[in-house]
Amino acid sequence: MEFISQHPVLVVSLVKIALTLFVVMTALAYLTWFERKVVARMQSRWGPYYVGAHGLLQPLADGVKFLFKEDVTPPSSDIVTYILAPFLALVLALTAIALIPIGPTDVLLLGQPVFAVSNVNIGLILLFAITSLGVYGVALAGWSSNSKYPLMGGLRSSAQMISYEVSLTLSVVGVLLLAGTLNLGDIVSGPGGQTGYWLHFIPRWNVFPQIVGFFCYLTAAIAETNRVPFDLPEAETELVAGFHTEYSSFKFAMFFMAEYANMITVSCLATILFFGGWLSPFGGHEWEKFIPVAIFLALAAYCLYSIGTDLEAILHKLQFTIVVGIFLVLAAVCFFFPQYAMPPFWFILKIAVFMFFYVWARGTLPRFRYDQLMSFGWKLLLPAALANLVVTAVVWLVMHP
Amino acid sequence: MSAIPVSWYLALSGVLFGLGVVAFVFKRNIITIFMAIELMLNAVNLAFVAFSRAHSASGQVALDGQVFVFFVIVVAAAEAAVGLAIVLALAHTRQSLNVDRVNLLKF
Amino acid sequence: MIVPLIVFFACALLAVVGAVLLILAHEPIHSALSLVLVMVALAILYLLLGAPFVAAIQILVYAGAIMVLFVFVIMLLNAGVEERTDWSKIGKWVGLPLGFLLLLEIAHWLYHSEPGTAIANGGGAPPAASTFALSTAIFRQYLFPFEATSILILIAILGALVLARKDQ
């Protein structure tokens, strides 16, 4: 106990890091479940249904499968780079999540800020720097597989990522002008932040003045994470090959996790920059703690109902009972600790909306051809982001002489 | 951060610059020689930031070194782009990346 | 004050190891990766020196764009194992030791230089440079170099496009 009181920074940081990693990895696993279920429902079928109740144990089964598959290494590849590439992709994707605050940075527990693993004054640029290093994972994976198709897929994918990175960073500069700071916590709730209301009911989120910037950011973010409709270099796997062809079992799982972690990172950044981060749309009153309680209790009631009617196997009923237990615990936490639970609740809700949007796009849109993709990025998106920046700067100068 | 003397940073910068010179002189692949140039530029950037720190008083920061580093990075980017374009053109005509093969103007 | 010391030595070691690997690597792709390691180590050293914005720009531009360009070109040209043309005997037995001597001499004289020894364990540590102060300096005092470098980048883009185009 003395150690804890003498080194509070170290202990609290380690706890925060461990908790963040655990939560993010679980979220990654269940994001795959979410995606498969939603895409399946959009295609009028069930999705994972048999492994666990409603497919809830499917990520576990996939994880076990990935661990026990045979690890095939192509014989003539560059072994150091071959092993380094998926590790690099995953490490960078997970590091970026550490920079994101999920609540106000001045809420303290044991004297340390509790909602942010790290709160740097240049958080936004550092986040973009780590994202730009993520190109290496893809490029090196394509190169070290020592085969034509992964090389082409890797080159195309990394060229796409670099092109859309420029538009990504430029579309954010308008928000930077409005916020006046690079600190992610201050962009939400600092002096240039997004607290307060216009006309007493429209929350002062940056999406309203920066709507063009938001759509540029969203498009560039989807392209940056190699998702549909921009996933030609990756979806060549369905036709021929992609940059992770020669990877099997755990290394492929690492690429997979890195892709979802990148999705989470850009969604977090979108909520912080454009949608007010952890700020509630209703203004932070006392009665708001009943909203998550109501939602979780409703979900628990639905699960109890489906235990009674839908599920037949005893194991499935047991799993759904555990799910009901989790929802009840979450409702209790939101009710009894509102100042620690409400900001993350709103933040995660907004991220969940973005995740749904990603999966919805995947289930709906056809993909771009590669030359259409590159010309869209350079000839349409970059001028749009630049125009947004110029107009924002002119309006800002006029309003603040 | 006042426990680390600025001279240690300068020594590290010198070591890196020297290693860059050795790489520049002794490597045969054009791209590796370019990378040695970038290593030398990085060593010089470190010296600039160290000097900027050395000239800062306790209340205010002397920013000139950091501004210069900013411009050095920008110029290095431009130079890398043009240089690699030249390397691409060279590789297409001479079919080799060995700098010893680029000897048509040799007396 | 032990933590900055450990970080400094770790990053200095990483930077020197990266530079040595650049020299000793057989394949250009390994040299490129060790140069990225050097750049990341230097970015952490910039953080220690109170230049956070420069550190972020170093990773964003240098390690994240320029080195990616290098890796691209290596991959496009399929630069495999370097041919080892044997060095001349003078080069190996006299040049290499003299090169390392040059390295040690530069380090020695920089170590004993005036600004180095004057700021030993000096007084108050200056605050880290804020982005606002840096951008004020760039856009007011150094406006002309800023505009000149933007024209330089434009020329570089045009030059690279023209040079890399295949003859038609």
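By letter and in written order, the chains are A, B and C; residue numbering begins at 1 in each of them.
Note that contacts are C-beta pairs under 8 Å (C-beta built on N, C-alpha and C of every residue); 3 or more make two chains touch, one makes a residue touch a chain.
Note that the structure is a prediction, hence the values are computed from the model and not measured.
Looking at B-C and A-C, the interface holding more C-beta pairs in contact is that of B-C.
With centres defined by CA atoms alone, the chain at the far end from subunit B is A. Per-chain CA centroids place subunit A at a distance of 36 Å from subunit B. Between subunit B and subunit C the centroid-to-centroid distance comes to 5 Å (mean Cα coordinates, whole Å). Here the CA centre of subunit A is 32 Å from the CA centre of subunit C. Annotation for subunit C: residues 53, 57, 65, 76 touch two or more other chains. Subunit B has no residue in contact with two or more other chains. Remark: subunit C residues 1, 4-5, 8, 12, 15-16, 19-20, 22-23, 28, 31-32, 35, 38-39, 42, 45-46, 48-51, 53-54, 57-58, 61-62, 65-67, 69-70, 73-74, 76-77, 79, 82-85, 87, 91, 95-96, 99-100, 102-104, 106-113, 115-129, 133-134, 137-138, 141-142, 145-146, 149, 152-153, 155-157, 159-161, 163-164, 166 touch subunit B in the complex.
On subunit C, the positions that touch subunit A within their shared complex are 27, 29-30, 33, 36, 52-53, 56-57, 59-60, 63-65, 68, 71-72, 75-76, 130-131. Listed in rising order, the residues of subunit B touching subunit C in the complex are 1-23, 25-29, 31-32, 34-36, 38-39, 42, 45-47, 49-61, 63-64, 66-67, 69-71, 73-82, 84-89, 91-92, 97-98, 100. Residues 78, 80-81, 84, 120-122, 125-126, 128-130, 132-133, 135-136, 139-140, 142-143, 151, 154-155, 158-159, 162, 182 of subunit A are the ones that touch subunit C when the two sit in their complex.
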